[in-house]
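Remarks on the structure that follows.
Naming follows writing order (A, B and C), and every chain is counted from residue 1.
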Amino acid sequence: MDYTAGQLGRVFVARLEEGESVYTSVEEIARREGLSAALVLAIGGMRRGKVVTGPEHPTGKIVPHYEEFDDARELVGVGTVFLADGEPSLHFHAGIGRGDSALVGCPRAGMSVFLVMEVVIIEMLGIGAERVPDQASGLSLLRLVRSPQAG
Amino acid sequence: MDYTAGQLGRVFVARLEEGESVYTSVEEIARREGLSAALVLAIGGMRRGKVVTGPEHPTGKIVPHYEEFDDARELVGVGTVFLADGEPSLHFHAGIGRGDSALVGCPRAGMSVFLVMEVVIIEMLGIGAERVPDQASGLSLLRLVRSPQAG
Amino acid sequence: MDYTAGQLGRVFVARLEEGESVYTSVEEIARREGLSAALVLAIGGMRRGKVVTGPEHPTGKIVPHYEEFDDARELVGVGTVFLADGEPSLHFHAGIGRGDSALVGCPRAGMSVFLVMEVVIIEMLGIGAERVPDQASGLSLLRLVRSPQAG
């Protein structure tokens, strides 16, 4: 376990419309506002998507398992923004429900809002963190570049 | 996509008791404390409820689909408070689980705490946002009244 | 319903590694950094765990129902840290998904990270709250020790 400390900065409230993506929208806000680290909370509807819900196999090379839908569901999600190659990159996990069942996963492979989504973005200042490609997993993972216990 | 920026304000920690509602409780705190915008996080138990889990049909007029239960479940939820007609109004989505299955949705149609619920409310200042009735959907939706990109 | 008010403090970003526990890690950070109240958000993978998903029976003495798994799942969770007997104690609820289904509950009985978990910890200052054993439920529950409406 590694960690780093910072301060809270500004807060942003966004309204996403039918068909928009939480990834595109949050990363655009982060670019415009110069955010290099942020916490993201989202509630609303998701019309369609393609969601990673675990690896196909719990060991060995990670092959993502996908669930797809196009039937308008309810969403509650949490994410983080850090820079990857100098550009803001959102990592976002959500619970996504319809009727009496739900998915929990990462809708990075496809994400389109149903009706409206409310997003709150909390800026974090002084956080030394970025996303870097990880060869073993094939994913882009958080790396902390400063840490209190390393000081 | 539209957004607006503000500052973080005070934080409140609430303990809700058996039988209370996160809607009634959070809106009462918001009224007493003069909150016009806030982020809400909740963890705890939910004894019974009536939860919107998507529309009955993905297109056309929105007819909410409801799931009801009365068997004491675990909850994790995220919400926002904005003013509607000058009064604080909570919008809240939650994952709600029992045994090996879970719902994700909006428990606005009925929400009663099981045992205890912890709620954290983060005030947002300078956010120009309110909830207004939307005729097309029949719902009360977030509207941003100031926005950086409109300036 | 009871509540208490405070201010937001520092923010911490942690990266947990394969096999680590969000409980051990967050409580260690809280101890090192002198946190007596905090809000916790987590996204990432959970390899194995034992999750409380409601009571066995909705009335009478609370007997926790457990779900166990060891197959690598996706997680999104929210927690709070308060002191119990002078030591930081994490209460944490999560949605945990694999394939087309999900659990929502409290993984306090066993929690081991898959690959990596991102955790954001927001310090809360001036919050008079602690966790105390509750005889009726057999659980350790939040107790507010100062409250605006008691003043």
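We adopt the following convention: a residue touches a chain if its C-beta (ideal position, glycine included) is under 8 Å from a C-beta of that chain, and two chains touch if they have at least 3 such contacts.
Quick caveat, the model's predicted, so the values are computed rather than measured.
Visitor: Counting only chain pairs that touch, give me the topology of the graph as line, ring, star, complete or other.
Guide: Complete.
Visitor: Taking all residue numbers at the chain A to chain B contact, is the shared part over half or under half, that is, same or different?
Guide: Looking at both copies, the contact residues mostly diverge.
Visitor: Specify the angle of rotation obtained when superposing chain A on chain C by their C-alpha atoms, rounded to a multiple of 5 degrees.
Guide: So the angle, rounded to a multiple of 5, is 120 degrees.
Visitor: Could you tell me the distance, in whole angstrom, between the mean C-alpha positions of chain A and chain B?
Guide: 20
Visitor: What residues in chain B touch two or more of the other chains?
Guide: Those would be 8, 41, 77-78, 95, 101-102, 104.
Visitor: Report the residues of chain C in contact with chain A in the complex, numbered from low to high.
Guide: Against chain A, the touching part of chain C is residues 8, 10-17, 20, 25, 28-29, 32-33, 41-45, 47, 70-78, 95-102, 104, 114-116, 118-122.
Visitor: Okay, in this complex, where on chain A does chain C touch?
Guide: Interface residues on the chain A side: 1-8, 37, 39, 41, 52-55, 58, 62, 65, 67, 77-80, 91-95, 101-106, 124, 127, 129, 137, 139, 141-144, 148-149.
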